[in-house]
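Lettered A, B, C and D in written order, each chain numbered from 1.
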Amino acid sequence: MDKTIPNLEKAISEIPDGAQIMIGGFGGSGAPIELIHALIDRFRATGSPKNVTVINNNAGNGFIGIAAMIKAGMVGKMICSFPRSSNAEAFNEKYLAGDIKLELVPQGTLAERIRAAGAGIPAFYTPSSFGTELANGKPTEEFEGKRYVRERWLKADFALIKGQEGDTVGNLTYRLAGRNFNPLMAMAADKTIAQVTVLGAAGTINPEQVITPGIFVDAVVEVSNPQQEEVLVRTGVVH
Amino acid sequence: MDKTIPNLEKAISEIPDGAQIMIGGFGGSGAPIELIHALIDRFRATGSPKNVTVINNNAGNGFIGIAAMIKAGMVGKMICSFPRSSNAEAFNEKYLAGDIKLELVPQGTLAERIRAAGAGIPAFYTPSSFGTELANGKPTEEFEGKRYVRERWLKADFALIKGQEGDTVGNLTYRLAGRNFNPLMAMAADKTIAQVTVLGAAGTINPEQVITPGIFVDAVVEVSNPQQEEVLVRTGVVH
Amino acid sequence: MTDFNIPDVALSNAQIAWRAAQDIEDGSYVNLGIGFPEMIAKFQPDGRDVTYHTENGVLGFGKAPLEGEEDWDLINAGKKAITLKPGASFFHHADSFAMVRGGHLDLAVLGAYQIAQNGDLANWRVGSKGVPAVGGAMDLVHGAKRVAVVTDHVTKDGKPKLVESCTFPLTGVGCVTRVYTSLAVIDIADGKFVLKEKLPAVTLAQLQSVTGATLHIDGEVADLIVPEDL
Amino acid sequence: MTDFNIPDVALSNAQIAWRAAQDIEDGSYVNLGIGFPEMIAKFQPDGRDVTYHTENGVLGFGKAPLEGEEDWDLINAGKKAITLKPGASFFHHADSFAMVRGGHLDLAVLGAYQIAQNGDLANWRVGSKGVPAVGGAMDLVHGAKRVAVVTDHVTKDGKPKLVESCTFPLTGVGCVTRVYTSLAVIDIADGKFVLKEKLPAVTLAQLQSVTGATLHIDGEVADLIVPEDL
């Protein structure tokens, strides 16, 4: 069951127009920049995939990664907790012009909705957002005198994630705080595509130290010197 | 913030009568046998803690661990998924005599209820047990054409767990399949007491390889040559 | 009730397990229930790469260790000692059942007391007496892409295990899609038993006579042929 | 509205942060909101062992690294580079918010646009214009054993930030229990603002005149005294 894909182009080749895509990372850490850029390159060359929905904590920064996806015009909707930031012009411009939709989700609820999708839990109750406009229209319930909002799972067609070590059967580890949403998204997508910095044979990761078991990963592609998002943003790199 | 406790007696000294206690382990792996036996010794010496509720996947085997707790007469109720087994006489006898209560919970629901307690999720929906007698009296709901049962979180006053490596601030790893319910129970109890085979200074566990972060652990006691439950059961050891 | 002697023709458990094993796909993730279903792994066809999951938090385990070489911290949900294959991983119980409930397993195979024609399964207790125990069965019947059952076709005293509706307490509702019995292979679709294979030695009428609900035919009924020396 | 010039007496952000830091208990787990609240860590009193949590999956982080020594895979929720202290750990976002929502943090300190006398907090947007962003604030206001706010006492144009009920969109309902302002320390209990400390230079009447709801007195009102050279 070798899940290795030889190159980035092939790894993202099956993502269709209108796909709902989870993309790992938080701020400048843990984003699969090379997978994202391969997807943008495909869109520029073929016009597809267009009108995708992207799920990430943020809405991209600078001129690379998710910001470049938005700038390229391939994103119809963002589902995220924190689209606003000092260098998120790509999203801001489209949003204020009404050219991109936004579903704003509290960060912990976003994480739990993704985890719920991966765990087969269609709905759960959380105190977060109770009594706020983000709970409008959602069922509420009281448990032991405290009030909660019912939230639904959040699934995706594809997840693009970034691991540190990977093996051929899809087991993954993550580097430092680059872990963030990546292990959750791996669970919640129909098809999970991981770029890894170091790819080894099955068994090269100590079974006790696997963070994402291979069952959650469908494709692994090695990118041995990945770009660091924050560095790209700070140096003004444009993709 | 040194959470080290010098010995087993002190570690379990605050558990009161009537406490709800989660105990890690599954079958013969991952159970904190020394903590359990210290608690039994205290009960035998002082009559306390009595009438405790124990949460574990099983209801004890042989004449040690949870089976010995039951035999000693300190357990009023078991919450578990699989109390029946070939050498679970301690529970069987009391249960059939009506001397111990049982709340039977499907294994995945048990795990998820404990995780929910640790995560501040008071209730969630699961397909498990829908349409069965174990769902009697529970709310049900349909999502996308499939029917689900609503389950509540499951909390405890104390958790007794077993780690492999631990450090003074409570970070833990686990040995092989001894992990099982231990990390979940650590999250779900007001006070979590861990016995560890190897205790080190803060920082001795690689931060990327910590399985249970120290925030979930209140007390750590080193038991450097722990007994293995399955071996005790197979050799007929009596505590 | 029967005009033939079932024990004369019925498959052994090993033969039922062998037949079930033929349907395990290459590259699949599989959970085999405690007891009889565990036997299926022994008959996994050569050349198929299958990853076995066990509820207590192990993915990618292999054969039992030699006696005396057990590490009792390395067990499966049946509390039997196991070994690891390269690429194995450990995880806690909530993640383990996320794999089950979240639709990540391709196949779960369980035992049964009764299976109803609508796919209901009863396999955890036969009445209200004794000590009940459910384990992971109520979770395993949900989430796996395919839920199959291996079972004798009738009970020890000759009563049908495939029934119109279960009389024993249910494990899950409408969850089973294929049943491998000692006499036949039967799919469950649209609330009906659909006969796919039967032993050549058993007539359709005979098979129907030991089945508690109507057996439907939809397309060819193949011969159920298994190795004799199992 | 005021008979005194607030800027003449008001504490700086650093002084407010210093005061808030005095209440952080030894051995506690603390989350400091992005921006102004982050400053509190600088003033943590000597001898107190505090573990800081950040939403993006790090427990036990320390000071910012020297410029040029940043590793941008090691950041906090404010996207600033951090370092690790011995005993640190990494975990994914669901576990991180389990710590938040599950009551495992002892204290969360946030900024505020408005705080109501019933403990309602508004701190994520001031209207319906522009790009909204909520981040982890709606989670942080729930679960931590104590939720406190650091804020100027009034807005830049002199309007009260402590109000009878919030007019800006809410972050959470009845969640704040203590407010550290540029003029006072105020507890929230039973739907009331209870004044605990005020600057010696400000009279009760003056303080009330810049507060949007009644300040109650319950026991002694201490002098709010902070280092001048911050």
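As a working rule, a contact is a pair of C-beta atoms (placed from the backbone, for glycine too) under 8 Å apart; a residue touches a chain by one contact, two chains touch by 3 or more.
Fair warning: this is a prediction, and the values are worked out from it, not measured in the lab.
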item: Between the pairs B-D and A-D, the one where more C-beta pairs touch; value: A-D
item: Between subunit D and subunit B, distance of the C-alpha-averaged centres to the nearest whole Å; value: 37
item: Distance between the centres, which are taken as Cα means, of subunit C and subunit B, whole angstrom; value: 30
item: Distance from the mean Cα position of subunit D to that of subunit C, given in whole angstrom; value: 57
item: Residues of subunit D touching at least two other chains; value: 90-91, 94, 97, 100-101, 142-143
item: Shared interface positions of subunit B, touching two or more other chains; value: 112, 115, 119-121, 126-127, 174-176, 179, 207-208
item: Chain pairs that touch, as defined at the top of this document; value: A-B, A-C, A-D, B-C, B-D
item: Complex contacts: residues of subunit D adjacent to subunit A; value: 55-58, 71-75, 77, 79, 90-94, 96-97, 100-101, 120, 130-139, 142-143, 169-173
item: Residues of subunit C touching subunit A in the complex; value: 26-27, 29, 49, 51, 53, 59-60, 84-91, 94-95, 97-105, 142-143
item: In the complex, subunit A residues that touch subunit D; value: 26-30, 57, 81-85, 88, 91-92, 95-96, 102, 104-112, 114-115, 126-134, 147, 174-184, 211, 228-231
item: Sites on subunit A touched by subunit C in the complex; value: 1, 115, 117-121, 167-169, 171, 187, 201-203, 205, 207-208, 210, 213-216
item: Subunit A-touching residues of subunit B, taken from the complex the two chains share; value: 112, 116, 119-127, 141, 143-144, 146, 148, 152, 173-176, 179, 207-209
